[in-house]
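Sharing a structure here in structure tokens format.
Chains here go by letter, A, B, C, D and E, matching the order in which they are written, and residues are numbered from 1 within each.
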Amino acid sequence: MSAKIKSPWILHYNCGSCNGCDVEILACLGPKYDLERFGIINKGNPKQADIFVVTGPVTKRTRARLLRLYMQIPEPKVVVAVGTCACTGGPFRNMYNVENGVDRFIPVDVYIPGCTARPEAILKGIKKAIEIWKIKTKESIEVPVVIQKEFEETLSKMVLHGQTVDRRKIIHDLVNKYIKNNLEVTKCD
Amino acid sequence: MAWMLETIAILSPIIGGFIYGFERVVKARMQNRQGPPLLQPFYDFIKLVEKRAIQVHSFHSMMGLAFFFATWFTLAAFLCGPNILVGLFLHILALAFLIIGGFSVLSPYSVMGSLREIIHLMCVEPILILVAVGLFLVTGSWSVRDILSYSGLPILYLPLVFIAFVLIIPAILKKSPFDISEAHQEIIGGPEIEYSGFFYEAIYTAKWIEYVFVFAIVFLFTGVHWWLGLALSLLVFLFINALDNSTCRANFHQMIKFAWFVLLPLAALNIFVLALWRYVI
Amino acid sequence: MLKMFIESLKNLFSEPATLPGIGTEAPKGYRGLIVFNKEKCIFCTKCELVCPVDAIKFIYPEDGSRNLEFNYNPFLCIYCGECVRACPKDGALIQTNIVPEPGTQEDNPNEKWFEIERRAQESKKKWQIALAKKRQEALKKAKKQPPSDKKGSKK
Amino acid sequence: MYKNFEVIESSLEKIKEDIKNFYDPSKYHFITINAIDLGNGKVNIKWFFAKYEVMDKPIAFSVDATYEDTIPSIVDIIPSAWLSEAELADLFGLNIEGAKKGLFLEPDSPPAPLRRS
Amino acid sequence: MENKMIVPFGSQHITLLEPVRFIFETENEKIVNVDVDVGYVHRGIEKACQTKLNYKQVAYIIPRICGLCAMSHALAYITAVEKILEFDPPKKAKYLRVLVHELDRIHSHLFAMAHVAEAAGYENLVMHLFRDRELAMECLEILTGNRVQYDYGCIGGVNRDLTPEVEKILRKKLKKLEDRIHWFKDLYMNDYTLSLRWKGIGVISKEMAEKYNAAGPVARASGVRTDARAEFDALPYRDLGFEMIVYKDGDIYSRNLVRLDEIFVSLRIIWNILDGLPEGNYKEEVKGLPKGESVCRWEAPRGELFMHVRGDGKQILTRVRVKTPTFSNIPVLRELFVGANYADVPAIITSFDPCMSCTAR
């Protein structure tokens, strides 16, 4: 429906970027670029967001939070990686505490290059994301990249046994399991 | 005119949506930006229906729906019922649904928002009741229909009550300086934080109805002169938006102090003088 | 408070500061996309060496010639312009003021680039071997008949 | 070797006393602690101070140590040093008294990444 | 007591740009205990600077520590390396560096003020600050070629010259900006709700600031006279009319006023540079490899930036250590929270203008 694309709400998460892109995203919300004229509000709440705007190359400590936030956003949703480091890791590629880009963990729909991305480019990227978002529906559930393999195995097993399949629940359980097994956040000080 | 109030009550979500949309445009323009289109609330509405709703638990979601229907019913009771006090008490009930819903989840922001919502209630409701009492003293009736057919101008008798009411409107509509229960920058929406999809939309729409509720009360202050009422509502609307745009958020101590020690005595004084004048002298 | 109140009402009746459409073009000196000009390049690979993020990779041909394939990843580049400054030939690498276009999943900036990096590394090794062979052959040739070659060239 | 700052050589035993005698909170500004890996398991640690409001060279206390040594903590003299100490303990794997590890590193990060092996 | 509530703040929160996690134990919205995790943004830049990048490339990676004070990081590193190489950059280059650095400070301070205003729920002020910040951003964009990551300085000078056309645009925009800053100053001094919300909140006394070694505007708002621009002779600040801004109260309000007044100082410096830009080269060739150890203290927008560089005569440096301003301010921030009101937390955090990507690197 055409009305739907006029109201995308964004959630912004910084997984270890240099603040440059975050500042530019905020500048986009300012009067000069004014994202609100496209109906876009910055809702700092994943449960009410549609577009997940991620910046930064994903450091090791932000991984679990990134996955959690992604899981909390209800479908249909799109992910926009803003800035060079969110796309590929950029200047931080292959550093020891960095995971080289958002798409190692969650499926990314739009990559916005630039270091830092210009507000104009961010606007263009978000418009592109809205085009992709338009096609998606409530039922189009995407699987985080890290658990793709396990998900397919579990799904085929369940289908084999003739169980009823709730894809969302399976993904949720698998992500929780993955976070628990691999990414347990240390509590410091 | 006969079915006017009933029509407003039934169509209140749509009217409120337009008021909210208009407010967003005005707010944006006051901030020197272009702002969203006028129909933006309805676009949001359609989108939220199409979103998947993630429920925390069914009771919580039910409370969201209950809040919406109770608010709607409140407005209907207020406008069409025999007694505006019933409407005001139902208003408390409607907010109680929101508060209970907020308390029923584990999120600290939601719980904190609900606590703050109670403080809001404590500040707002006494003044609302004083408004009703004041209107009764002037017009001699508790019913909206009778107040609206009163030939004089109630605002001339109730200037301080009106000022108190206008200054507490930000607390009802959760606008700066008294948006502490929603406090987007502190607790990200407060009690509504855990709602999503269809259930968030219910809460979102209930807020529009509150706009109609508030401006209906403003409207009552002019009695039968409906064009004056419209002008007054527009003026109040502009004033509130400009106030929203020119203040930062107070904390809840300041709000209680302001409501109880400034606004409440102000309104009470007005009513006291009026009652003396009416019944003693 | 009062000042902002008046300013708000003033703004209500004045033109908003929002730019029309999607925004302005980048100004003249903006550091945008890097454009490569194959005709002018002398394949010194200085840009590849100097790039702090390895966003430029040359794939070497197998025959040991100097006809390299230029690869550039706009999703990895940080647009610092160091490659352009390092370039000895004018106009071989230019920094335009074009803002890079956002890509989608089809662009796949990661996997494609890994493939290119791998190929570049492999091809460089092969190329070095081929080059060494070529040089040896040339050397052999030169050793076999140095005088006649020189004479021939002189004639 | 040291281009634009003064260095006061000290030793592991003396360093705490030296800093205690030297440091005056109203006159000096504690900047940070830094370690430099010298190779072969040796490490050079420097405590940096600078004067308030005066254009003067920064002053550093320098100590040579090994990774096995226990390095005294100066938190009781300068309470804000805990962050610098925790960082060094984390990134260099130094044994600093009372410094907690895990400030920056995750369980699957390389241990003591700034060491040169 | 029973009614203690644990409130997590972060790592994703609308007022926070960056991931940092505070866990507050509150009692009726009063904080009794706080736990802070600053390590979310640790990427390992120092390691990369010491292993895979040569010392010229580091100048382009090190500004990526933080976007808001990118110029400070780059210039501090470049100055430190130039000190090792015993190279003195041409005078024009020094002036241009100051120009970009001060423009950077203006936009960063405006951003910080907007951030505090947003935490206080003053949306209109945020929008106005953002609108006028764009003027500084446009100046930087035409001067350096990018809006945030400037990559303007290089070892040996600066990368671009200031052409007359650019200078003309700069003068026009800065004039406009100056008028607007006067307007803001007036607003900040007279706004009742702002003083209600900010005066006497989050107070750091002078003793506390000295004890915990606070840096930058936070320290200066508490009456500590510290500014690396006056304490370190990297750039010709003395000739350009630099003046230290110090306030006494140490609350959120005076931290904002320090920033506001520093914008005036920066603007004055910029006018002086534009009026008296020396002739000459803007870049010179540097020869030799770094051998030795040097430090650089630098006044970044958030406070004192400290760079310690050691080279052993190779292309790759032995050690690059960055001590960032927020790194010094975290201890005092932690002390400040106990006893504060939860409603003031976002304002207190943002009034420090924290930069976690600086802190964790």
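In this section, a residue touches a chain if its C-beta (ideal position, glycine included) is under 8 Å from a C-beta of that chain, and two chains touch if they have at least 3 such contacts.
Quick caveat: nothing in here was measured; it's all calculated off a predicted structure.
Student: What are the chains that chain A and chain D both touch?
Tutor: E
Student: Between A-B and A-E, name the chain pair that shares the greater number of C-beta pairs in contact.
Tutor: Answer to which pair has more contacts is A-E.
Student: Let me check something: if the centre of a chain is the mean of its CA atoms, which chain is farthest from chain D?
Tutor: Between chain D and the rest, the longest centre separation is with B.
Student: Between chain B and chain C, what distance separates the C-alpha centroids? Give it in angstrom.
Tutor: Computed value for the inter-centroid distance: 60 Å.
Student: Centre to centre, by mean C-alpha position, how many angstrom separate chain A and chain C?
Tutor: Each chain's C-alpha centroid was found; their separation is 29 Å.
Student: Determine the centre-to-centre distance between chain D and chain E, using the mean Cα coordinates as centres, and give it in whole Å.
Tutor: About 24 Å, centre to centre.
Student: Send over the residues of chain E in touch with two or more other chains.
Tutor: 13-15, 39, 42, 44, 47, 60-61, 64, 124-125, 127-128, 131, 146, 149, 193-194
Student: For chain C, give me the residues that contact two or more of the other chains.
Tutor: 1-4, 7-8, 16-18, 26, 30, 52-53, 78-80
Student: Residues of chain D that contact two or more other chains, please.
Tutor: Within chain D, residues 102-105, 113 contact more than one other chain.
Student: Pairwise, which chains touch?
Tutor: All touching pairs, sorted by chain label, are A-B, A-C, A-D, A-E, B-C, B-E, C-E, D-E.
Student: Touching residues of chain E toward chain B in the complex: what are they?
Tutor: Touching chain B: residues 5-8, 13-15, 29, 117-125, 127-128, 131, 193-194, 196-197, 341-346 of chain E.
Student: Quick check on the complex: what are the chain B residues that touch chain C?
Tutor: 26, 28-35, 238, 241-243, 245-247
Student: Within the complex, which stretch of chain C touches chain B?
Tutor: Those residues of chain C that touch chain B are 1-5, 7-9, 11-12, 14, 16-18.
Student: What residues on chain A touch chain B, complex-wise?
Tutor: 1, 3-4, 6-8, 30-31, 34, 36-39, 44-45, 47-48, 50, 72, 74-76, 137-138
Student: Which residues, counting only chain B, touch chain A once they are in their complex?
Tutor: Per the stated touch rule, the residues are 24, 28, 31-37, 40, 42-44, 46-47, 50-54, 184, 188-189, 193-197, 200.
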